[in-house]
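Labels run A, B, C and D following the written order; every chain starts at residue 1.
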Amino acid sequence: MLVAGATGFAGALAAHLLWRHPGFELVGVTGRSETGRQLQDLYPRYRVPLTIAELDLEALPDVQAAVVAYPHAAAAPTVAALLERGVRVVDLSADFRLASQATYEQWYGPHPRPDLLEGAVYGLTELHRERIASARIVANPGCYPTASLLALAPLSRAGLIADVVIDAKQGISGAGRAFDEQTHLSMAGENILPYKVAAHRHTPEIEEQLHALDPSRPDLRVQFQASLVPLDQGEMASCYVTPTRPVPAAELQDLYEQAYAQEPFVEVASVPPGTRETLATNFCRLFAAADGHTGKVLVFSSIDNLWKGTSSQALQNLNVMFGQPEERGIA
Amino acid sequence: MLVAGATGFAGALAAHLLWRHPGFELVGVTGRSETGRQLQDLYPRYRVPLTIAELDLEALPDVQAAVVAYPHAAAAPTVAALLERGVRVVDLSADFRLASQATYEQWYGPHPRPDLLEGAVYGLTELHRERIASARIVANPGCYPTASLLALAPLSRAGLIADVVIDAKQGISGAGRAFDEQTHLSMAGENILPYKVAAHRHTPEIEEQLHALDPSRPDLRVQFQASLVPLDQGEMASCYVTPTRPVPAAELQDLYEQAYAQEPFVEVASVPPGTRETLATNFCRLFAAADGHTGKVLVFSSIDNLWKGTSSQALQNLNVMFGQPEERGIA
Amino acid sequence: MLVAGATGFAGALAAHLLWRHPGFELVGVTGRSETGRQLQDLYPRYRVPLTIAELDLEALPDVQAAVVAYPHAAAAPTVAALLERGVRVVDLSADFRLASQATYEQWYGPHPRPDLLEGAVYGLTELHRERIASARIVANPGCYPTASLLALAPLSRAGLIADVVIDAKQGISGAGRAFDEQTHLSMAGENILPYKVAAHRHTPEIEEQLHALDPSRPDLRVQFQASLVPLDQGEMASCYVTPTRPVPAAELQDLYEQAYAQEPFVEVASVPPGTRETLATNFCRLFAAADGHTGKVLVFSSIDNLWKGTSSQALQNLNVMFGQPEERGIA
Amino acid sequence: MLVAGATGFAGALAAHLLWRHPGFELVGVTGRSETGRQLQDLYPRYRVPLTIAELDLEALPDVQAAVVAYPHAAAAPTVAALLERGVRVVDLSADFRLASQATYEQWYGPHPRPDLLEGAVYGLTELHRERIASARIVANPGCYPTASLLALAPLSRAGLIADVVIDAKQGISGAGRAFDEQTHLSMAGENILPYKVAAHRHTPEIEEQLHALDPSRPDLRVQFQASLVPLDQGEMASCYVTPTRPVPAAELQDLYEQAYAQEPFVEVASVPPGTRETLATNFCRLFAAADGHTGKVLVFSSIDNLWKGTSSQALQNLNVMFGQPEERGIA
């Protein structure tokens, strides 16, 4: 195994999880900065004693798969090069998350390698497990779509979503290893900050998946909004659904319990989950309620944005891709 | 001036603000616990050197007004007794916030003194300034309704709200001086916790005021939901409005700027406000945006839940009630 | 395995670690409150699906060992009763930490079972590994002594400590599941609070161990002081040693590297460690420096107070007691 | 009044306090970056609607005094230029804090304007009030020396300090508007980090003042060590003094009460102060205790590092310099 882009939060955690995984061997970590230092000097807590090197495609170690943690648009060419060398990829960027090239280009600009879109599988394990098993490119979902789609999939499949508002809150690690006003403790602390108002790039990713789950509503537009709150790791997607018909509480409970009864990492709770309950785990914890006053359906979805939202889900996908028990190394 | 119930967060801050107010004299602080201690022993930061005593209605100091910071239902009898002795009251409880006795009893149980409802004025200063000036009972709004109503009033008055979801986030001081799982730093810290799902008591207060602002929609139901986030003081109401007709961005901006041009404590921002921008102030800071993708109107409203949301708004109302400059002692 | 007193922070974490330990089977969790609830309802994050029951000494499950997480003085009788039934104990209280009954009674009051003191072994694994292996009672150290003694042991053994000040800082989890002014986020947050000034009960525990390490200084008095800082888990012991003779930097570095070269859980760092580096791990991370300006020796010792400071060290000791690899289940 | 260097935390807060001060008029704020923006765009919470400009010494507004908030060494030439134009200065840098040029150069490198050292007064108001009143350069103390010296001055004046260890803890605002590993919430949060081990530049400033207070110990070396803890504003200096002779508790209490009885901003508390008690105030709150076990004297000193530690103390000094009541605008 290889982690390309291991100096950011997502890549570093993926390296940590791979390093201690009993079924995989992590042989390399790469980065464009900090080369020559051990990853554990940069992230002492992760205790990965490998030296950060530049990615050299001509002298790749002999690996079966790589986790690529590059920025959007920068990822695609590297993913392509790895594929050509027979390396399967879990890509943490947005480059292969959208099946539609047109939608991608509307939100991100020109796509570097549209020819590879068709072979990529959207890596929300619970929705696409079978195709992930044999995929050469797994496009790991964004953290917000992970929480949102696990919350909405049961309703969407049942054709119950007429309209939806998603208000997501996230800890500061969601901003990554960026050093600026949004991450300085004296500015991010004691603060609640809505950001990217009315234009969040995770919107099309959520919409495309919901359209696939409920083809009867190809024009569903999702109102997605995120806020930063002063914690490190943790994400809550609060979903407010106007249903296509009244949904009794008992039906709602059944719907969720049945949807996730077999899922090792999705828990249906009987009270609203706090994000601490999923901290540093691969779990998603859900709570659904029917509001008798307004007729709306509310679903709260808690994950750790760096774990299930990013890096441990990458491991979950690698487990599926390589026939390991799905929970191995992340439970 | 007198503060009855000064040992909780709201009463203590009201006492602090009154103590340092150049136009009022604070002569007494009462409490049912901690009597005999100075308030500044309980809240050193507030430096109020008055001794906490039990409220003795038979030996009231000679005061013109009192801030009553009692729990719901416990407040009404004391408010009544104070009124009988010629003392005007700013009541921080919910007892006089709802004009409709029926609505009150649906959410809170039997009303102790329904006869006094008619004379009470809802103390959101910006909406009811003139009536507050001469009121004998001012029902100080809840913190969530304060943020929500300042966010929605311009749209409501213009008849533009067809449907609305309010997702509010608040710091832990909103839970008050309660010692439990919700306030322990090792549980509340690094957590995001939705609470009182589908049944928040602030809902009817918001609805009643909106119905008054837009009589054309007497059946508007508000979806209100709150979450606790790990900070001390700060509150953000994120409002997602389905408008009755498309609202262009320019019209929206105009609507808000005109609505609040003369208001000393409401700021219309050009970017989403963080709650730090209103920390320890009486300001409400708003940002409105039209989402071209969904057609919805988004309004973000930031206040300090203990200041504008509670205690400094009580002072703002006292300033209005006693002919003091409205900004005195709180700006 | 059994955890008696699993409803507090320490017992709950011990239960969590035992539940997922591949070499032990956790068969019971007991508590005096919350009986009938699953431990995972109280601590969802720990996911231990056992039901909390009262401890019934007459109907003990068939276990080889128990972790006892009771308050001081309450622990000793239960420890004794378990011993009589052939159950080995790791006791998290102070009851068996001090070899001297007189010292115990000076700081804690009458000892409930002084007859058992002689057979108890102080459970700082790195200092007493061999005796722990065969002990029937292991007295798990306090978190402050754990960090302090690992910091000072190399200097003490070398006879280098003439005087020492220990200034320790700890997160709020150190106050346990107590709901009060010290743990409420609105009071503990944005605060630094020295507590138990000039009278901390961890002092004699540190002194007794240092006297054993350096018998030449039986009268060494340790100045120990703790402060609460606003985080959850994490502890830093900053030790200021006046040495018995000048200690060159190179000698100091050697001393620490040699002392801990074989220790799986003690790291000698080359820069001052932050407590994040040991968060949710059993590691202690140390940094020692000679101050050329004052001649003093400074040692900084970072642990997670709930892990190495308490519950994971209990597991480390259980591993030693039952012939498991020492790092099993906690690395 | 003018604030030169208003874009950093210290300068911005000084501008905020001057802007709302009833006795001073703030006419300009300067900065080397962010010119053309209003200060309130950078610091919305401070609400200072002045435009940031480059400092133009040839076109200075007509001001009597300036607060200079520049980095060390960069400050001195600007201070000199302002003096030449008849502007009195409160300098927040270290450039004029040390009377001894030799000591300055040992810790900071060559002094840009040693000729001005003699005329500068050390701006710890409580120690040098009279000389500050007529000073042309007031060297505002560092935040650590402020807390430490107020803690130690009574003991030092009485000749009671034989040896002293100062362990200071501070919130992240102490690192200023720096965007890096030390200030990112995901790194600084849930962390305790000792820094600048055995080499903190505030040491000579504390020593020089103590030597002046107690000329009998010209060779006293101070062990000073600081740690960052995860809060915004707040600082605690915990001082461990080995006294020259035993100090009874009653004498100690007397010593502190008499030393500060007339001081408007120094409080002698009867229990250890938390830093929240001085948050956003100009107060220093002290607690002294004699440790019967060790014979040492412990003093805990709490301030807000940005207020009394920096900017509000600058205002306190300006009040003294211009004959305003000392508490005006900061109480």
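Side notes on the structure shown:
Operating definition for what follows: a contact is a pair of C-beta atoms (placed from the backbone, for glycine too) under 8 Å apart; a residue touches a chain by one contact, two chains touch by 3 or more.
Since the model is a prediction, treat every value here as computed from it, not as a measurement.
Two chain pairs, A-C and A-D, are weighed by contacting C-beta pairs, with A-D ahead. Averaging Cα atoms per chain gives one point for each, and the point farthest from that of subunit D is the centre of A.
Remark: subunit A and subunit C have CA centroids separated by 38 Å (rounded to whole angstrom). Chain centres here are Cα averages; for subunit A and subunit D they lie 46 Å apart. Multi-chain contact residues of subunit D, defined as those touching 2 or more other chains: 171, 189-190, 230-233, 274, 276, 279. Residues 163, 165, 167, 169, 171, 187, 189-195, 197-199, 203, 221-223, 225, 227, 229-236, 238, 240, 242, 272, 274-276, 279, 287, 289-296, 298, 300, 302 of subunit C touch subunit D in their complex. Interface residues of subunit D, counted against subunit A in their complex, comprise 9, 171-173, 177, 179-181, 183-186, 188-190, 230-233. In the complex of the two chains, the subunit C residues touching subunit A come out as 44-45, 190, 269, 273-274, 276-281, 285.
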